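Each structure below appears as structure tokens.
Two complexes, one shared chain (chain A), two partners (chain B, chain C).
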Partner chain A sequence: MSTTIAAPPDKRVLITKPRTSDRIFRGVVTAFGISALLILTLIGVFLSVRGIQTFHSQGWHFLTNFKWEVVQNDDGTATSNLGIGAMLLGTILISIVALLIGVPLSIAMALFLTFYAPAKLKTFLVSVVDLMAAFPSVLFGLWGFFVLMPMVTYWAKLIYKYFNWIPVFSAPEPFFERSPFTAGVVLAIMIIPIVTSVSREVFAQTPLDRIQAAYALGATKWGVIKSVVFPFGSSGVVGGAMLGLGRAFGETVAVFTVLNIVFRGNWHVLYGAGGNVASLIILKWGESTGDETTALLAAGFVLFILTLVVNLSANFIVRRSVKSGK
Partner chain B sequence: MTQINQGDDNSTNEGESMTTETVPSSLAGVAASRSSSRKPGTLPMGAGLEARGVHAWFNKHLALRDVSLDFGFGTVTALIGPSGCGKSTFIRTMNRMHEFIPGAAMAGEVLLDGKDIYAAGTDVTKIRLQIGMVFQKPNPFPSMTIGENVLSGIKLAQLKVDNKDDLLEECLVRAGLWSEVKDRLSAHGGSLSGGQQQRLCIARSLAVKPRVLLMDEPCSALDPGSTLRIEDTIGELAKTMTIIIVTHNMQQAARVSDYTAFFLSDGGPGQMVEVGPTSEIFSRPRDKRTENYVSGRFG
Partner chain C sequence: MTMTVKPRKPWAPNRKDRVRSLSVLAVAVFGAWAVVSFTGLSGKIGFIFSFVLIYTLVQAIVGVRLRGSKALGDTVAQSIIYLGSALVFMPVASILYMTVTKGIKGLHFSLFTASMSNASFLDPVGNGGLLHALVGTLYLVLIAMVVSVPMGILTALYLTEIKGKGAGFIQFVVQAMSGVPSVVAGLFIFTSVILVSPLKTSAAAGALALAVLMIPTVTRTSQEVLLLVPTDLREAGLAMGATQWRTVAMIVVPAARNGLITATILGVARIAGETAPLIFTIGGADKLNMNPFKDYQSALPFYVWKGLTLGTPESLQRAWTGILILLILVLSLFVAARSLGGRRMAK
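Entry: the complex of A and B
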């Protein structure tokens, strides 16, 4: 006679029956919780539905076309040749400038706040940096226009004078005001708060035992930062920089204030011509009709997708770096 | 200041032999065999590390009161005592790691070759090169390979080494890890087992050629097998350097150390109750509290 091992019984279904009040509360909270996602989806759907006509008429060329023209024909119809190529190029150019200037400053600031600042100064500075994040961007724009621009123009001239042999720093004509460089500097200041606060958070999570290990080996403070803090926090800083990039992509008013918006593929960072997708929308919105309006909505959809992708990947990177503890 | 006197070894009187019986014979036996295998008296005393009237505070709380201890060159000293008695705090004052804790303060002197390491103008990083430390939890740098971990101190302190490969091998051999990792030096430090990681940390602290090695409960996170490996390593290392080890494991203190210092806190700041050759502390301690502790009646 062979003994068979009895199969384990079926798993029981565990049910808890919530009270009615609990069910109602849960329903309300869930509804509001989902509404955020719903609103985001609705915006995306709205933009794509309204803008889709542009993609039909202009095709993928919409993304690479540097022209934005509406020609009135004699018979009352209009022929439009619309593209956001110049604006996309400008967006990328400005964002790169903003990141190149803003990220190192933010890292330095985060290091100071985490490892050097006395406790009281730290608390104060952290709230100042957070306040900076909450500042209306038009204020940055105005300040950038009146205070920063003259200075930045001067720097631009200097850079042009000594580095114009580097293609990016050359210019078709010596016109340096309201350039992508200027807009990038203003944006750099605007992304400092978010990049600083994310970097500060990951730096502060550096395991104490690794820091002590480095000190016990005769490391200087800089040695500890270089060998322990940076390897640990690098992906967090990258994530923070991408959140900054998300902001730089979408920034409208500040860029609109300081930038000379021109429909022309300009990659000369010091030359006073450029634009970005967001500022295009605000520039053309008031006067647009028909095809142009649709095209602006399509541009909005492109911006929506860009921002979504950048922010989602930033969040992913930040979360992974915090979790893995590497 | 407590001087350790080798001459006391043979002086036994009635009272002390009475206490011998109250101590578990195993511990005393281990300590005796350990002590007889080494003759610390032949090593130059006083050429190592000296603590004089060390006090330590955390903010207003006095955690350690007036500890004076001599650590002769080439000796292994175990610091034992129940939790919260200040032994970890004390060992951290010996290479100025104590001051990393916000609000930490100290008083007294710690002399390395007669020079106060707390003197104004001292380069702390140089002090820590001479007085290395191994921590309770193995803490290799996870972003570095095994080889890079061992040599990280060289890089951090910007020391010049003629042959890095030789140094790498030497340190891993001395830490008792070479045979296990020699084929995978480029693997990451985090890929090793806990015990291997701790020996990697020992190898890492050896690379900068310290003269004193502080070990803060180096085996408390490890399994018995790894613990034994590390104890063997300690025995090897003691031939060329001074070792101070904090341990909760009295068996371990008996196995590895030449001298044992017993710390205790009676609710107030921790103090050193007694220090002496390990065999004596475990067989005929002078203080009743030490006897109670080593015989397992409390703590």
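Entry: the complex of A and C
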């Protein structure tokens, strides 16, 4: 007797055929999703296309040249000798000052909010920090010029008086108004919100069991912060500080107001002569023509690339550290 | 008879602790006062400096006596953290105080009914007004909203609903975009729109520059809100036989409505005070211009900027008054976003 085993039925294939409405929906949404990339690329393309002449005529020297001059020749043509070296140096100097002042304050604030503040005070202070991020930059300029600058100039004189044997704190002449130090202090205040909120986010993700374990072993609050919170959150804080650095590189109006822009390489932080790429652009924009305008667009392109690189690496670091907390 | 045990909190500060911390504070205030009165250190900075130093010192001594040597680092760190937080808080208080006290002097009724067409920034403060700047800001914000809110929300939908292959990368790009300096956004619109398209210097051009800055803010906030919508709701929609399009349009977006409005408001608050992009794109008029697509336009931040750069007492007074009004605008947007957001969380 033979039994025939029925062949097993074919495996059912599940296919959902998307409806037309869904296809349209997905298409439209995907197109908009890509638009962000498109805009970012277009920014780079347009600025570089317009600014490329400058890179042709000035070469790489554009980045290191401290001069910014357009000389009218006798035959009516103009020779331009344009470079943003002094401005790049100034941007970096100001940003370092801003980071050195802003980051420790932000860390203190973030620690206070996460580990010390009572709940009500915490809600209030979080709003205050968020509010600070919403202040218009022209307000920082106005306030920085009239309220902060007299104070900072006074501090600068004090620092100069007692520490001028340190090369960075020396000055060729005792002139301390509108110095990179002043601009750095204003920028420090402006980057505090972003650095604080990133640090707070990272600190809040410290595993509770490790904190409690440290307390159970008899650690003080500072002991817990030092041996559990900092090792856990340090890379996040670095990322936050770099986001702040990106902000500091790109800040325009506030820096322009409180900084004396001079085309010469100055690394004396207290001395009233500095530079800033973004401020250079609005300083020269109104009066510039031809070569100069192109050079300003090229400066904008350099600024764009600089902030892009800083921001991308910052986001990379922050994302990695936030992920590791989960 | 049932006995209820009264909950005890042995860690809460008792009366003795409070007296102790108050007396430490009193010693520090008195000590600082003594230092300022009798030594070379003087002024507010001297007082704060010596107060912090003495407070830390006394606190550390008391801590070490009570809890042993480990308390030294703890108390010092605590003082530094408190001091740092106070230093962060001070500029905010100072900015608000100065803006209100300085700005309020220049407030007068015709500010909201007149433009600067018949007045100069150097005239006495009573002449002219900032109606043209208010109208300009209104146009800028409205057009920027029309451009960036759909773009921002749709990008957020791509990141949360479609989750295509590129989602991680697009997320990265959006974050990079939020770091684009405002001056670069202005230059971008100048080169890509004003130089090459029929749209010349006008409110619309300025609004496009602002939109570049607003899109990432709207996207990121919307994304957070959309992620809060429970997956159950989406699955329920799909299980009822709805297409993805119907699920998103009829369930997900309505559920997140308040949050999406919050995202819009936060985006507006982000751009309402931007000055740098406007310098390249709106030209800065002194008279009322009702056409957002043609001719020079003004805006509140630009008005402040102009007053600030002219630098005479009258123009500076105009700048302070302008910034007060701008600040009130930004603050009310901020509070609106907060209260809407708060209600969303409460649900």
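Operating definition for what follows: the second predicted complex is superposed on the first by the 309 of 326 C-alpha atoms of A that agree within 3 Å, B and C clash if a C-alpha of one lies under 4 Å from a C-alpha of the other, contacts with A are read in each partner's own complex, and residues count from 1 in each chain.
FYI, contacts are C-beta pairs under 8 Å (C-beta built on N, C-alpha and C of every residue); 3 or more make two chains touch, one makes a residue touch a chain.
Remember, it's a predicted structure, so these values are computed and weren't measured experimentally.
Residue by residue along chain A, chain B and chain C are tallied for touches, and C comes out ahead.
In the superposition on chain A, A:Ile39 contacts chain C only, with no contact to chain B.
Once the two complexes are laid over each other on the shared chain, residue contacts for A:Arg26 go to chain C alone; chain B is not touched. Contacts of A:Leu131 after superposition: chain C is touched, whereas chain B is not reached. By the touch criterion defined above, A:Thr153 lies against neither chain B nor chain C after alignment on the C-alpha atoms of chain A.
In the superposition on chain A, A:Gly223 makes contact with both chain B and chain C.
Within the superposed three-chain model, A:Tyr215 lies in touch with chain B and out of touch with chain C [touch as defined at top]. Using the contact criterion defined above for the overlaid structures, shared-chain residue A:Phe232 touches chain B, although it does not reach chain C. By the touch criterion defined above, A:Pro207 lies against chain B but remains apart from chain C after alignment on the C-alpha atoms of chain A.
Touching of chain A by both chain B and chain C, each in its own complex, is seen for residues 220, 223. Chain A makes touch with chain C in their complex at residues 18-19, 21-22, 24-26, 28-30, 32-37, 39-40, 42-43, 46-47, 49-50, 104-109, 111-113, 116-117, 125, 127-132, 134-143, 145-148, 189, 192, 196, 220-223, 225-226, 243, 246-247, 249-253, 257, 278, 281-282, 285, 296-297, 300, 303-304, 307-308, 310-312, 314-315. Interface residues of chain A facing chain B in the complex, by the touch rule stated above, are 119, 207, 209-210, 212-220, 223-224, 227-228, 231-232, 326. For chain C in complex with chain A, the touching residues are 67, 70-71, 73-74, 76-78, 80-85, 87-89, 91-92, 94-95, 98-99, 150-151, 154-155, 157-159, 161-162, 164, 166-167, 169-170, 172-185, 187-188, 191-192, 195, 212, 215-216, 219, 243-246, 248, 269-270, 272-276, 279-280, 301, 304-305, 308, 319-320, 323, 326-327, 330-331, 334, 338. For chain B in complex with chain A, the residues that touch the partner chain are 95, 97, 100, 102, 125-126, 128-129, 132-133, 135, 137, 139-143, 152-153, 155-157, 201, 204-205, 208.
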